[in-house]
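Report on one structure; see the data block that follows.
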Amino acid sequence: MMVVVMQQEASLHEVSAVLRMVEAEGLTPRISNSSGRTSIGVINATPELRPELFAALPGVEEVTGLKRPFKLASREFCPQDTLVHVRHVVIGAERVCLMAGPCSVETEEQTQAAAEAVLADGAQILRGGAYKPRSSPYSFQGLAVKGLEILARVRERTGLPVVTEVIAPELVPLVADYADMLQIGARNMQNFALLEAAGQCNKPVLLKRGLMASIEELLMSAEYLLANGNSQVVLCERGIRTFETYTRNTLDINAVPLLKQLTHLPVIVDPSHATGKRDLVAATSRAAIAAGADGLIVEVHHDPDHAWSDGAQSLAPQQFQAMIPGLRRIADAVDRSL
Amino acid sequence: MMVVVMQQEASLHEVSAVLRMVEAEGLTPRISNSSGRTSIGVINATPELRPELFAALPGVEEVTGLKRPFKLASREFCPQDTLVHVRHVVIGAERVCLMAGPCSVETEEQTQAAAEAVLADGAQILRGGAYKPRSSPYSFQGLAVKGLEILARVRERTGLPVVTEVIAPELVPLVADYADMLQIGARNMQNFALLEAAGQCNKPVLLKRGLMASIEELLMSAEYLLANGNSQVVLCERGIRTFETYTRNTLDINAVPLLKQLTHLPVIVDPSHATGKRDLVAATSRAAIAAGADGLIVEVHHDPDHAWSDGAQSLAPQQFQAMIPGLRRIADAVDRSL
Amino acid sequence: MMVVVMQQEASLHEVSAVLRMVEAEGLTPRISNSSGRTSIGVINATPELRPELFAALPGVEEVTGLKRPFKLASREFCPQDTLVHVRHVVIGAERVCLMAGPCSVETEEQTQAAAEAVLADGAQILRGGAYKPRSSPYSFQGLAVKGLEILARVRERTGLPVVTEVIAPELVPLVADYADMLQIGARNMQNFALLEAAGQCNKPVLLKRGLMASIEELLMSAEYLLANGNSQVVLCERGIRTFETYTRNTLDINAVPLLKQLTHLPVIVDPSHATGKRDLVAATSRAAIAAGADGLIVEVHHDPDHAWSDGAQSLAPQQFQAMIPGLRRIADAVDRSL
Amino acid sequence: MMVVVMQQEASLHEVSAVLRMVEAEGLTPRISNSSGRTSIGVINATPELRPELFAALPGVEEVTGLKRPFKLASREFCPQDTLVHVRHVVIGAERVCLMAGPCSVETEEQTQAAAEAVLADGAQILRGGAYKPRSSPYSFQGLAVKGLEILARVRERTGLPVVTEVIAPELVPLVADYADMLQIGARNMQNFALLEAAGQCNKPVLLKRGLMASIEELLMSAEYLLANGNSQVVLCERGIRTFETYTRNTLDINAVPLLKQLTHLPVIVDPSHATGKRDLVAATSRAAIAAGADGLIVEVHHDPDHAWSDGAQSLAPQQFQAMIPGLRRIADAVDRSL
């Protein structure tokens, strides 16, 4: 990707001239405004496209390349933090965003109960799966549309925006109709058809890191979303697969500060999947905030021992409540709120 | 899953009575015929369903459960090897099946050249990607329908059946129209919507192991295909992700004999992806056959250094040709042909 | 292992009677005092040894087994936190213990400079390698005895106790002569001859987790130290090897709260090795303390770009200094000090 | 490392002149003779040592460097295969070397029984552990000297040379007194003090790859042995640790042809540890020979179900016998014998 960096004082007219030039070459420009300076990314610039073409235009400061394979997602291209808006909730700003709720939407009562509990404890977004990707074809696969409807009604009653998973490209319009934020799950992180569909939709996306995916691959998948026009993307570290068997996954805490360096997108942590053990959620949640995470997504169920999925890693409401003051103290300690 | 095992000499009438009883319970029976004995699998049997219901029927030998989470895919359920038919080619029988061809379909000439070369050296199936899942949105993504058309024309001219990848559920009917066998790639091994669509189509499926998927997860994904009605499934070990950096992936050779024990489905190996290095393809192909693989899928390109993807692991036709006699000798040594 | 749990009010006389009985069976008793209650572990109890033998003695409450393969190291055997004393420094109590210093002892000036810098910023223990296990026989292997002498002189001048690595059983007495705490490095975590030698020496031991070792294996290696008589053991999570290549290792933050549950031994974190990148040390150090670590061991060098080893992950003194206030705030937030 | 390559027709006198020049610089020369050409390696050559110094000498063809971090172990330095001699047995030549025997030496009868069985089936070397590195301090640790004595007596009676593990530097002279080949186990692959001691002893060494060691690290550990003067080194791939749980380890079959490219040292495979399952030993042994391994080391026990260690992966004599004809056919197919 070639990046045309405009001078601080470049006029709108000068920026437009660059955009027209890019389009005249049959290419699509991508605009970033960071700290009052405009950059124009030119993707798929062929080797024949000479930088001099742009360098000579008025208002242009310099024309550069980007070293990393991710471009629009890179901190280099957009130095300023991206804020992601899920209804009235802002992710990536001073307040650490707490998303919580059941693994699966099971019944309206269960979802309502979880929503009320987590709302009371400061959660800003309700999570809950209507479509569940399950290893076994014989496991509960989610309530589908009925689950989406439940989520929508619970949102109406509680005011909590809803994030829920979408598992196939053709379901994107449907899920986007009900949800406030689309989740792309770990197993679908490299489902490129799904990424393209979600990239073309106008809802923010929560992109979870695959359990087998490198940090670079996660950013490349974000790049799919951005290159398809959706810049409202939140990344989620949810544990990677290693040789360790005492925990379900290994929370890659290094990824949090590293991602914050490499990209301008918000980064959250899922301590429930990253540990697989209820007992470890509070401590790893504190660690995530201390390391710089912009949010958490936590599984909470009113009766974990009877949850239809992920019971072992779900918190009961009182356990969720009990960990909040500790998280708040850590948030304070890194000059944030919760 | 509950399995109703019929006596060797059970009549068709007796088998039918069991099937009717299963359906009367609102469940779907799955039939397996192995060594002249019929078994009927009853999936999603609730705890309330009592084995005695079936045990008392005439012709029933015993009613058992299965220990592993994969049922229809298990050797326990179907002791006899499944043969998969791709046009006139049989996979899983005495002859080791050689699939070969370019990573991507680039042009008609390139595909034709590769097909002719591999045909001359004993390949039975042509591989080639029309839809390419790529980590980067800026990489070549395949020729799509145009690629499928090229593959179909090359098949007409060479007689080689074609296996090609499908990357989204809504593409299944289109790809099935052109291809003789659908490939589900490593990154989509747990794309359950895709597995369901492919399970409901009437073409054989080549299911590749995810690069960080366990053997059990691979078999569970096969179970999705089988439970959706498609029993023509070939499994492919294509290397897993480890800490080793000298090779692109680590070929899990243990998986070959282990899968042959655990399942009745044919098992092939992809030495190109499993090593990522052209130099290692011949030796690991020999190892795969020696370990009991039913086939190989190898990347061959007429000009690897200019391949649009995977050049480093593609063989030139003369390299492919050079390794064949060695493979044949190994096949002989395990009482198979090539 | 069989554990004889005494009644709260058991007399010294009653405890002695149990000890004599154990010895009469030709076995070695291990005593733990936790919350005012004495337990006596009987290791290598053969199946023939009947619990009734002890259960009948006066003052005995119950005779139990332990489920985990680690016994003396388990929280079950010793519910109370072990405090490890390195001269005047206590590890495992309220104050988070900061160990810092250069990777290798290079010169007296360099070591003294690092020691003064880290002392000024609140470090309690000086780290520095005199014996360096290096992948290459051609790399700098440490100053050996000369390095130990430097460490001893720097300790005299600064008052900082010294932790340094020992790499062979026969070096244990020598290193123990100079050092206040012996480090067993990641590559030697399963060097059982070394563990036995260190277990028989009277200096506290810092046991680092192997980059390939499971949490259970780490605890089993600690068990070697304890079973050989040394109960002054600190465990160190220093990152494990995974497929991720952007970082040198993956800090397994889950291990911190999990180890605190499983064992009574103090747990510290090495953010330098766990990340391999200077830039990530501050954030992961905060995470470690937030997750419950009892200490940190950090590489600090007065001139990292010219360090003889591990320069990329070493902090300059001013970088070390800059992160301390942030760590202190996190320590406060978990009711500890630094 | 600087390498001085002599002309094909260089005289002994000319070679000596180069050696004297190296020593005059205070450095140690390493000589390699491959295909009738002599090369002289100069290790630890400081940047000040100018190639011109040697290039000007008579008989010198060129002075080069080596790219890889391993030098003496590299194929580049020594193009010709190294043959390792264990008494009358040659490893690395046309005949695939079969090493077999029990995991642990338990009793004289058990060892003798295993030795006789494997000898009858074509094994050339007897394996058996007298010192056992065990994760638990409470597990059987081997018979130590008593085990070495048993091995020596069994050798006398059967004529089979003996390979056995050494686990500490100070034990090297003792074990070397009894054994014909020293084994350095996976957990000690980076026990550098042990490598140095074994490098200075005059017995051939079997170096096993660590369960999470990269191929480069294995070669660097071999380099320790070579740099300390012992060039009789055999490398052993014995499975690496991955996320897969159906097998104890993952046999990295890629490593076999890759090591044969990178180094001149013989490479063998341990199918017993690499799978952890008796059922998989025959198939993976065939794969190893097909991939180019120079030998196998297999655990055989006269009564695996009562073995004191590693029973699940040990073959009974009749199972060992049953797999031999299959191995022989594979060996034939790659122009080798067994």
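All chains are identified by letter, namely A, B, C and D, in their written order; residue positions are counted from 1 within each chain.
Simple rule for what comes next: a residue touches a chain if its C-beta (ideal position, glycine included) is under 8 Å from a C-beta of that chain, and two chains touch if they have at least 3 such contacts.
On a predicted model such as this, the values are computed, not experimentally measured, just so you know.
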| item | value |
| --- | --- |
| Far-end chain from chain B, centres as C-alpha averages | C |
| Between the pairs B-C and A-C, the one where more C-beta pairs touch | A-C |
| For chain A paired with chain C, centre-to-centre distance based on mean C-alpha positions, whole Å | 38 |
| Geometric centre distance via CA averages, chain C-chain B, whole Å | 49 |
| Residue numbers of chain A (touch at least two other chains) | 212, 241-243, 245 |
| Residue numbers on chain B that touch chain D, as the complex places them | 212, 214-216, 240, 242-247, 250-258, 261, 274-275, 277, 279-280, 283-284, 286-292, 326, 329-330, 332-334 |
| Chain C contact footprint on chain D (complex, rising order) | 1, 43-44, 69, 71, 133-138, 141, 167-171, 187-188, 190-194, 210-213, 217, 220-221, 223-224, 227-228, 241 |
| Chain D contact footprint on chain A (complex, rising order) | 241-243, 245 |
